[in-house]
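Note that the chains are named A, B, C, D and E in the order they appear, and that numbering of residues resets to 1 at the start of each chain.
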């Protein structure tokens, strides 16, 4: 089942979760979830609705405290650490919803990403322009973010994260609402970030074709538990995955 | 049953829809395809009465419905599943579904429809008493669609109903659309996933920069080169 | 034991008015996100009208006291509903969901209304005779028949409101409008009308409290303001917009007042009440029954 | 030629104490009318008419200070004919004393008086005048009185009065079982009533509590079956008390009330009282009538000094004789305050009998007796 | 851009001429009127400053009081030098507000509003029950040294104006941007490694230091303070200044404070009608110009850019 796990960039383990667990009252959203993220890879995290993917993001980024299990980031134990500690260690995430500052301009949105560093204003603006041109926002800098077309909003939330100069980028459904050509462009951006900027990417996405194309490795979550893990092809042929997630095609 | 004629809508003077006309026929599934910012959501909102057009008219069963409030449109049988879902966050899943049925007259039929919706989306049944804001992204999307179904509409406007849904659930949505269409409910569908949209649609329009640039049956457009390149890439 | 019963009776008596008053406030807040500082003015209007209608009815029309009181109660509620509809349509309708804007608007209205009451009625306390004279002894606690009636009416009204909110279609619509007006319209809920109903129900509850209170306490043009602060504390403790929360919160504050006032003194009890509220909100910022956003 | 002298009033005109401000303003207007009809004040060959300007001090120090600044600097007021509230009066005093402006007030605090405040005069009786004769009289009526409870509002007046009251009762051999405070604006009094009833004192003294609050407590005490002596030192208005307490107020002693419609009232007072009922809907009381007296004292002092210069007037005021609404009066109090700043008027003890204030006894201060014997 | 710096220069000129006016004015009333207006302007601006992070801070009134009481206590009871007593006011307010913010800023929106309200009332009740600082009677006799006395209004105006410029400066800086971001969606700044709680506390501390200083200045200007002067209603009035002036612009609260303070002075003396008039001014302004007076000015200049949604 877990056949070809050899990835093009099978570097060191940069993030490791051990037996991660999170309960909400009587509901266990994530349970006994162990996985690792390796330096320089693009890892896909997929699973049915309510499987616990966003919850996992909240746990590894410090937005929620785990009810059990441990988390290691770059070899340091960061279980229960604050969002500040984690993002300063290089892990930055985006959000599935409400992923930007809707009442502020695009520039200000991206600027916020640079504020954890002490920089001269000019340096900050340079960073903003660099990130904006990467994400295709260069022409929209003065627009109020909430008025951007949906696709550009998704790119903007990635741009904010990039401005914070992460080493690990966790993207929660970045492709929702994008059309064919736009999806292609976004995937190219991910690839470029990995190759030229050395980023490690954790990708949650329901666009299975995009996941198959972009990811080196995929893990599947179901009812908060690990269901399968392996190369995109292997996972997409996995009976359990088809049953729980992909469904018998149309 | 619904016809849009020369509709123009703008946001603070910036036009978003220019002279848009379209027809929704009896028993049809109509889809609108277009890139980001093309004006699809704007069109849906204008039909639902949320936006006041600068020019142009909307006729429902031959009656001019321009100037009606969204609530009146719902009473006339037109229900919108809005972009961004707009659930009642602190209300339970059950109550959210019940608000969908607010303006129905046939109150005795509500329990049966309630069961049907839960049948479509078993994930919701487990969480009936949870506040909607606690649901996962996809579960919320199911709830939004379910709520619209509870209204038992004549025409349902679906603005990206499959956003954030797992592939298996996307299939469910497609089944639902086909089922309700067969039961005589008209569907106007805006969908990021053009494959699905064109597959389902009996009639399709392509909108670019606020104008309708192409129209035809779903099959025709699916094989149109322009459409293939722009919307069916991946 | 007798002391315990008396303190409990005190709590219920004090709490009954608090609950009625707070329910109206929480409803208006819940539905329209209006922090209505003028809510006390509705209460005052009703109480003042009762104090002037009862003598008029009993002396000029010669009807018996109870009938005069009932007549006055109807008049008071009707007048308050009209004031409510008026201030809603000229003011609040335009600042819905704007917490700070509506807050200030209500302060402006409060100044106007209080000024008007002072100009019309003068500052002197006014009163009406007790409609139900005599005292009742319940398990060793003494209370006046009038207050007992108040507790009973308050309980009935509260129960009715609870059913209205939780069980009826209007209640569902009110709650939906409270959360998202646009979404509510998309479900076919005529939001402006529902918001007006919510506001009027709230005003009627305040009027109800005023009518019930008039034969018990002296009425002055600022009577209502004194309940207002406590009512705010109550609805925050109970969770904004929550009916059960307003009930629990009202009884809780009444208990702090009654027990603290007995064992220490009222001044200390007031201080204790504020400190408890702060402590409480730090532990549970969303109130007893509120949900986290 | 005629000139107009502005007389300032700083009093609460809004909120729960507005009734005092409104009454005071009205009484002052009557005094001014009276003076002007008499041809105004003629000094040094010039005739002056009076005019009243009222400012709302909202019972707060800040507003008091602002009132004073506005009166002094904007309106050029040199005489303040009445001001209520210990906190605002203290705030005004800082300015009036510096700028040499006469300040009449009704503040009950001792802290506003003394030789260091030569421009300040008190226009009604305060605890130091009232308590001794008042409490002694009550003790005489109820010789076996042994225990008492004191209930005070937690405000400046209450805080200044409380120690004096406790001390005076003690000197009369009455034990104080508890001295409790409540905040202004309290609406529910069952808790304190329950407490009082269970302590079961022979007497409850409501010190500086306003009539509505006292009424509420009395009513609750009545329900709980407590029967004892009820004392309201600051009791001004029987109407207000009756309005709330009804029969429960029966028998209460009032220290600052006066029935200005009774036989013992002067003609002037009867007339004023009737007029106030007409205009304001409520009768006058010890506080509100005092601005009338202040203005008459002021007129007398101006004539005596033959000047409208406040500095000269402040020098003659301590020794001036004038006709107050109570009859001939003057200033005294040097024994208590080290400076004769206290208007000398009778201490009237009244009791609620059949819902009416009935005068039981009236005692002129020794100094007033001495004056009239001159 | 030209417009922005032009506006600032106009304000600088206004501030300088106010100071000059206070130095030259022969009638103390107008100088003290200016001091009240500016004190109210600082209160309103500080309230608006915290509105940047989306919170309505009723405790603005409490920190105004803490500044005033710090100055008054050290001046009257301890006899410390004038400048020291004035300096201590903002310091004390800053320190206590840091504590206050750190404890209470976990709550949000109406809940924070109420906690800050309760804190304000608790502090006021504590003053009333503390005899050393005069209980309910408060403290009297804060006079500036003789050498300064005549220039005090000018000094007060200069300090208050400087405070207003400082608040404006903070708002225009990156810090202001961060505050707005927190208001808009605090998850975003958190996700990029910013300490949102710290920033919120900082916002409250800056605003409180400003009102603390205003409190100290007020103590000397008024010469008397009492607990009732620092009740929650002070913050309510400050909000009225903000709303009437227009909250969309830093100049709004200043304008609102000026207008309402002057109206208040003008109507002082019409008794029961004063409230009605004051209330009517508030209601009318809100209804007729929803963006406040500044909003009206901008609309007149056709500059209004209504945000979407």
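Details
The rule is short, and it goes like this: contacts are C-beta pairs under 8 Å (C-beta built on N, C-alpha and C of every residue); 3 or more make two chains touch, one makes a residue touch a chain.
Because the structure is predicted, anything quoted here is derived from the model rather than measured.
Contacts with chain A and chain C are shared by B, E. Comparing mean CA positions across the assembly, the chain most remote from chain A is D. Chain B and chain C have Cα centroids lying 43 Å from one another. Note: centroid distance chain A to chain D, computed from Cα atoms, is 75 Å. With each centre defined as the average position of its C-alpha atoms, the distance from chain A to chain B rounds to 29 Å. Chain C and chain E have Cα centroids separated by 32 Å. Each of the following residues of chain D touches two or more other chains: 14, 18, 22, 154, 183.
Residue positions of chain E with contacts to 2 or more other chains are 125, 129, 272, 274-275, 308.
Among all residues of chain B, those that touch two or more other chains are 11.
Partner chain A is touched in their complex by these residues of chain E: 174, 177-178, 180-181, 184-185, 187-195, 307-309. For chain D in complex with chain C, the touching residues are 14-20, 22, 154, 178, 180-183, 185-192, 194-195, 198, 211-212, 215-216, 223-225, 237, 239-240, 243-244, 246, 280-282.
Chain D makes touch with chain E in their complex at residues 13-14, 18, 21-22, 25, 53-56, 59-62, 64-67, 69-70, 72-74, 86-87, 90-91, 93-95, 109, 111, 154-156, 158-160, 183. Note for the complex: chain E touches chain C at residues 51, 56, 103-104, 106-111, 113-115, 117-119, 121-122, 125-126, 129, 236, 239-240, 242-243, 247, 272-283, 286-287, 290.
For chain A in complex with chain B, the touching residues are 24, 47-51, 53-55, 96-97, 147-152, 173, 176-184, 187, 206-210, 213, 244-247, 249-250.
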